[in-house]
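Two complexes come next, and they have one chain in common, chain A, joined by chain B in the first and chain C in the second.
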Partner chain A sequence: MEKNKETKFAKFCWRIYKYFLTIISMFRTNIRDYGMYIALAVIFVIFGSMTNWVFLGPINFTNLLNQTAYVSVLAVGMTLVIVTRQIDLSVGYIGAFLGAYVVVAVENQGQSVLIALGGALLITALVGIIKGYFIAKISVPSFVVTLAGMFIFKGLLMLKTNNRTIPTTNNLFQKIGIGYLPTYDVGGMDLITLIIGVALVLVLIFMGIKGRKKNEKLGITNEKIEIFITKLVFMFGVITYLSWTLSSHKGISYLLLITVVVVVIYHLMTTRTTLGRRIYAVGGNPDAAELSGINVEKIIVIVFISMGILALISGVMYVSRLQNTSPNQGPFWELYAIAAAFIGGASASGGIGKIVNAVIGSIVIMSLKNGMALAGINANIEPIILGSVLLLAVVFDIYTRNVRSIDLVGIHYAKKKYHDELVEAKAQFDLATKELKEAKKMNKEDLIEYEYKFTNAQGLYNKIKEKIRVAQEEDFI
Partner chain B sequence: MKKIIGLLLMAVLVISLAACGGSKTIKIGVVLPDASEERWANQDGAFFKKELDALGEGYEYEILFSEGDEAKEKANVEALIARGAEVIILTTEGSGAGAVQAAHEAGVQLIAHDRMAKSASDHADYYTTFNSWNVGKAMGAHLVSEAQAQGCTETAPCDLAIFAGRVADWPNATYFFGGAMEELQPVLNIFNIVNVSDTFSDLALYTEATFDDDAKDALQAAMLPVDTDWNAETAGTKAAAVVAQLTKTSDSIFVLAPNDDTSAAIRQEFALMSEPYDNYFTTGQDASDVALASLMGDPLKGKGTQTMTVFKDVSKLVADSVKIAKNVVDGVDGLTGLTSGPSIDGAKTAYSPIDTLTADNPQLTYDLIFATGYKSKDSDTFSNIDFTPYE
Partner chain C sequence: MEQKYILSMKSITKSFPGVKALDEVNINVERGEIHFIVGENGAGKSTLMKVLSGIYPHGDYDGDIIFEGKIKRFHTIKDSVEDGIIIINQELALFPNLTVFENVFVGHEVANNGVIDWDKTKELAKKYLDMVGLDIDIYQLVSSLGVGKQQLIEIAKALSQNVKLLILDEPTAALNDNDSDNLLHLLVELKSQGITSIMISHKLKEVEAIADSLTILRDGKTIIRMDKKDVNEQVIIKNMVGREIENIFPKREPYKGGEVVLETVHLNAFDKELNRYIVSDSNIKLRKGEVVGIAGLMGAGRTELALSIFGNPKNYKVTGKVIVFNKSVVLDSPKAAIEHGIAYVSEDRKSDGLILEETISQNITIANLKKISRYGILDFFRQNMFAEQYVKDIDIKTPSILQQVKYLSGGNQQKVQVSKWLFSNPKILILDEPTRGIDVGAKYEIYTIINDLVEKGMSILIISSELPEILGMCDRIYVIAEGNQTAEFDIKDATPEKIMKSATV
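After this line comes the complex of A and B, so read on.
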């Protein structure tokens, strides 16, 4: 009786221990993907504690998401540009110019918003084709082509605005810039946001289970159930928090909605379509991609057109939020987007970079700006911190590039199973080391024999250690 | 692994290092354009700190800078609102439309400090400014009186070069220019305009009272070719273009320069002429060190001769803004106890006084600038000047 209870308790403990081992294994294996989430959490906690948690409160969190919108959209496009080993310095002024184009067309020339947007879309598509042509066909470095574009569009922006600030009055601009989705107030909370939150959670659970079933059918190994559930619980927490904060202020802004739509479209495009695969293939190895039948030039042109379209969206969001277009707009947008993409783990050597992570990178940047303003920290410090974070993120990325996957549960099992072998090998190795040392000291003639013995013992010992290191949980069930 | 943890710890450390500013609820928020510009950091910024500190308990405040970025400006305003500000003093980077909207949506009063803040449908509640039109008039009047003293007439006109501030800096630059043109326009026939393109001769006469949207459009159209962007380098480039195609018709040149920095850049280009003018008369404003050295009779460190500057005592402007903010917090009308001017763009406007300093009257410059301690005589820029006659 007593013994039974004890083993039950031990079993329970082991299960908890095993759960943590699994989670830690996942973090250590995928540290590249999770590093920035950890960084974001750290930033949130620091600014939260510095501002009496105003930073994470409903008003400021809504502000933060709205402030991040235009950078996020640019960062999404920039990630693909960086994935294909290019860079685009022109998007800041292109975005500002297109914003000015739309505002001038609507406010001063009396065009309808749709026609103005259509015109801007045509311009940006054409510019994308020209940029892509110079970069892909004529092989001018993208840095130079887009640097030229940056100057050209700075001039065009000043021409378009005639060096004046032009306010926006059209309803659509007001809606995009400062409007929120319709709300239905219940006890100070917006019901619609809450419903969207619940729907999101349900969709996540449903999609997750469906994905697992599909994998089972296809014989693909699913991620461990513990990890799956932990991720769901985590997502549930994040979504609950988001819908709580948003619904207790003003609900979901159009800026946020547009950002989410762009991110979802690009996320699906990069993960589920041939085009997405091809973009990453071109970035990973252009020559191999070309040889396998991918039209590399076309892909690069497409990437630059997509960047231009996102610059248009970003520019319209920016002028709408600030309710004016002015010749001062545009500088630094592209640099924030590039920084966001790199903080989000995009690799300068191409082929690597996730859409969602670029958005997290944007939130990191804007959190620094927002948090410092809120905490009343000297604004001069902000660029220093931002620069340090950017550098750390890239260094972190390079350090973790060759991290091998690890399964602590497997190691735990393996340690038990190979315990005797390991002890034996270790003893042999120690003995051989000691003997070799003595032989060297006494300068024995058959020194080579001892060295031979030592190398053998060392090899055996390392082999067992490696066997334990790569052990998987599945091997022991 | 250890390295990774080490890096993460470093990140935490870097961020925590900055974590020295505490955060408390505030009543008054101040948003200024750029901490890297002398004017905002060391003049307005410093005076705000002094004035607001003097208000003491019940008027907690925070001063933030926008780094020349409109999005950051709106974010700053939002941050101050989130921290409970009841009134925000703002010098905008662009039009301030986003800031006005954010403030009014949260029911917070907005004071536009030195630069008007407005959107298409809304505007700041209060506007504190120097009477910019009068600043311009002082500049124009100086050029006209010196020209008349030099004996310029219709038959023997003197050369005149005109430069303007940044057109986008509404209303200031346009008001400076309009005020100056109000003085110059009636006597324009005693001048020979040497600008590359003369966009000025056909301008109608506008006064502050008759100023309207048409006047704004006409004046800004005239300003565009001579827009210095408030930037010394741009001003120098544009002056060099004037100098390059210039034919001298008189021994004296009169230059309308919008402020001291651009004025210095412009006169350095004129000094590079193969045969420079004998007499050089030019305007400016802000009472910069270089301009003051020139006014006090040191053309070396004064970078040539500047004959007048308009001194706008920023501390008075700041005091006005703070007084309005205090009134708002106290729950009385903002302009209580202040000199109000005609309302600009619908905002209740308070005018702060200006002073005209000229090279002809160094005593006044000494009394207003050095005797009051506004600037220190010990500054290296003034090392060639003997102050003893004025003390």
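After this line comes the complex of A and C, so read on.
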């Protein structure tokens, strides 16, 4: 009776231990994708604790998301530019110029907002085609083409604003910049935001289960059920927190809405459409893409047009939020976007980079800015920290590039199974090492024999270690 | 104690994912001899040399390297160079926009405290260039020299680094006869000065001319070591191939004839960068259900011919006609070629064929996204279904269709490449070196796939450097030399000797 209880307890413990092993294995295998989420969580906790949790409170968090909007939108476009092995330095000033163009058209020339936006769209599309033409057709490095564009649009911005700040009082700009979706107040909380949150959770659960069923039908191995559920619980937590925070302030801002719409469209475009597949193929291997019948030049032009359109959206967001256009806007936008894309794991050698991760990268950058200001840290320190984070993120990315999948549960079983073999090989290896050392010391005639022995023992030992390292749980069931 | 062997490599084993490239290979090289390493493509020669020179560092392989009586554990090329082991690869490691004398001393400059002594550099460069018999203006840019002279500069560079063991990986592959002879004389000359050489070569004539001994590798194993007195062509070939041709090529119904599906008429291609014709006056025909081989040496213009047909992605200046199914067509992009039912499996699957970071199912479907999408939206169910089907039909060995192709073995990568092109529903399939760098088992499987396709009515063009493959798989053979079409054989009349003769015109 007593013994039975004990084994039951041991079994229970093993199950919990196994669960943690599984989760840790997942993190270690996918560290490249999750590293940034972990970094963001760390940043949140640090600033939260430094500001008595004001940083994560409703008012500041809403503000943080609104601040991030224009960088996120640029970072989305920049990710695709980087995925196709290019760079775009011009989008900061292009965005600021287009913002100025729209404001001047509405305020000084009396155009309607829609016509002004239409004109700006035309300009940015044309500029995208010209950039793409020089880069793809004439093979001028994108660094040079867009550096030229940066200077040109800086000048155009000055000309357009006549070196003065021009305020705007237009309703639509006000709405975009500082407005919120309609709310329905229930006890200090916005019901609409809460409903959207609940709906999101349901959709996630539904899609997750559907995806698993589809995989089963095709015979593709699903991720382990423990991992699936843990992920769902985690997402549930994030969405709950987000909808609680937003709903207890003013609900969902238009800036946030636009950002989410852009991100969702681009996420779907990159993952579900032929265009997305072609963009990543061109980035992954341009020669192979060309030989696969993909028009590489056309894809690059499309990517630069898309970048231009996002620069327009970003510029309008920025002038709307500040309620003015000024010749001082523009610098560093593109560099924040580039930094966000790289922090988000985009690879400069092409073909790798996720839209959602670029947004996380943007939030990391803006959290540093926002959090340090809130914590009362000298503002001059912020760029130093940002630079270090960027460098660390890329170093991390390179180190984890060839991380191979690991299954700690499998290793646990394998260690038991091959225990004796391993101990024996280790003993042999230690012996050979010791003998070789002594032989060297005594300068023996047949030193080479000891060398042979050593290499053999080393080889054998490594083989067993490798066998354990690659073990999978499935192999032992 | 003076050892007999300057170099011994003992039980060298080196594995790549899925392939054992070297399996307990043993090599012994005597001091002051010219030793040849002979073997078919894929026998493991280059891999062995990479192990020796530290490109694959110690720990990446099993076994021991003993050089001048001591076990060596090289971690980088620098380590092996310091011991006087210098390898000259097929792709020369020169800097085209530097001058001759600069090239000789790149990486080991003559300098005092980091300041280069140019006078001394020039003086020494001249001395070493004289030693290799190269009488040229040392101020010339290397890019302006022919391959033969560039090779000599590499050797001069090796001499300037106190080379004890010089390794040449197929040095004469890209050389004309004159330059080749020159090089062979030089090696003999260097031997008299006490420099040991290892030479990797296919050319049995060279073996007979200057070898003191040779080792034959096959499928990653040492087959035999022979001395000069035992060297004769037949024995070498027998040991190199080691199996009857019938065993490696699956049988196929004899070709019965059919309509012409692809024809080139006076096709020329001019390379603006090289400033010469790389394909001149090509007139080939391919019939329905036929396998036609394009034989020739490396660099003869075989791949260039294929690319000129397949939409000319490298932007050569192409003139002449391509006729597909009795219609003269303009193939100005790979896309156009694909639309006309042509597929091209490239020779270098890593650089032009696959997207290594992406999955098997993504790679298989990339050339025909229309088939798995509607209004530009991908249907993953169909994508994965087709991928699963090819993985099963073509027998791609992988844990999952979602595996990144960079983790597959060469043979399986090649099968992914073939699957990708079959998925584009071609009627004409061009295979460029379809079995390069893959092991014998995978080769057999590729050949079986080829036979299946032909029996279903596909027409196939095979470009290959491996004569047995051309002879074992094709119904008809064209031979190309320096861009010119020099011969055409029916398989009944073709012999290795005849083909080699036409290829080296």
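Rule of thumb we're sticking to: the second predicted complex is superposed on the first by the 441 of 477 C-alpha atoms of A that agree within 3 Å, B and C clash if a C-alpha of one lies under 4 Å from a C-alpha of the other, contacts with A are read in each partner's own complex, and residues count from 1 in each chain.
Just so we're on the same page, a residue touches a chain if its C-beta (ideal position, glycine included) is under 8 Å from a C-beta of that chain, and two chains touch if they have at least 3 such contacts.
What you see is a predicted model; the values in this text were computed from it and never measured.
Chemist: Fit or clash for chain B plus chain C once both are placed on chain A?
Modeler: Aligned through their shared chain, the two binders fit side by side on chain A.
Chemist: Put chain A at the vertex: what angle do the Cα centres of chain B and chain C make there, to the nearest 10 degrees?
Modeler: 120
Chemist: Going by the contact rule set out at the top, does A:Ile381 touch chain B (first), chain C (second), both, or neither?
Modeler: The answer is first: A:Ile381 touches chain B but not chain C.
Chemist: Which chain makes contact with more of the residues of chain A, chain B or else chain C?
Modeler: Looking at chain A, the partner in contact with more of its residues is B.
Chemist: Please indicate which partner A:His249 is in contact with in the superposed arrangement: first for chain B, second for chain C, both, or neither.
Modeler: After superposing on A, A:His249 lies clear of both chain B and chain C.
Chemist: Under the stated touch criterion, which partner chain does A:Lys154 make contact with: chain B (first), chain C (second), both, or neither?
Modeler: Touch status of A:Lys154: no partner.
Chemist: Once the shared chain is lined up, is A:Arg85 touching chain B (first), chain C (second), both, or neither of them?
Modeler: In the superposed model, A:Arg85 contacts neither chain B nor chain C.
Chemist: I'd like to know which partner A:Arg272 touches here: chain B for first, chain C for second, both or neither.
Modeler: second
Chemist: Is A:Gly351 touching the first partner chain B, the second partner chain C, both, or neither of them?
Modeler: It touches chain C, and chain B stays clear.
Chemist: Should A:Thr221 be classified as contacting the first partner (chain B), the second (chain C), both, or neither?
Modeler: Touch partner of A:Thr221: chain C, not chain B.
Chemist: Upon superposition of the two complexes, what minimum C-alpha distance (Å) separates chain B from chain C?
Modeler: Closest C-alpha pair between chain B and chain C: 20 Å.
Chemist: Looking at the complex, which residues from chain C come into contact with chain A?
Modeler: Its residues touching chain A are 10, 62-64, 66, 71, 310, 313, 333-335, 337-339, 344, 346, 351-358, 362, 366-367, 369-370, 373, 376-378, 380-381, 384-385, 388, 400-402, 420, 424.
Chemist: Quick check: in the complex, which residue numbers of chain A touch chain B?
Modeler: Touching chain B: residues 28, 31, 35, 38-39, 42-43, 46, 50-52, 54, 57, 59-60, 63, 67, 70, 162-165, 167-169, 177-178, 318, 321-324, 326-329, 331-332, 369-370, 372-381, 385, 388-389, 392, 395-396, 399-400 of chain A.
Chemist: Taking the touch rule as given, give the residues of chain A at its contact with chain C in the complex, in rising order.
Modeler: For chain A paired with chain C, touching residues are 214, 218-221, 272-278, 280-281, 284-285, 287-295, 351-352, 448, 451-452, 455, 459.
Chemist: Please name which positions on chain B make contact with chain A in the complex.
Modeler: Result: residues 1, 3-4, 7-8, 10-12, 14-16, 18-23, 35-36, 62, 64-65, 67-72, 74-76, 78-83, 93-95, 97-98, 101, 105, 118-121, 166-168, 170, 220, 224, 227 of chain B touch chain A.
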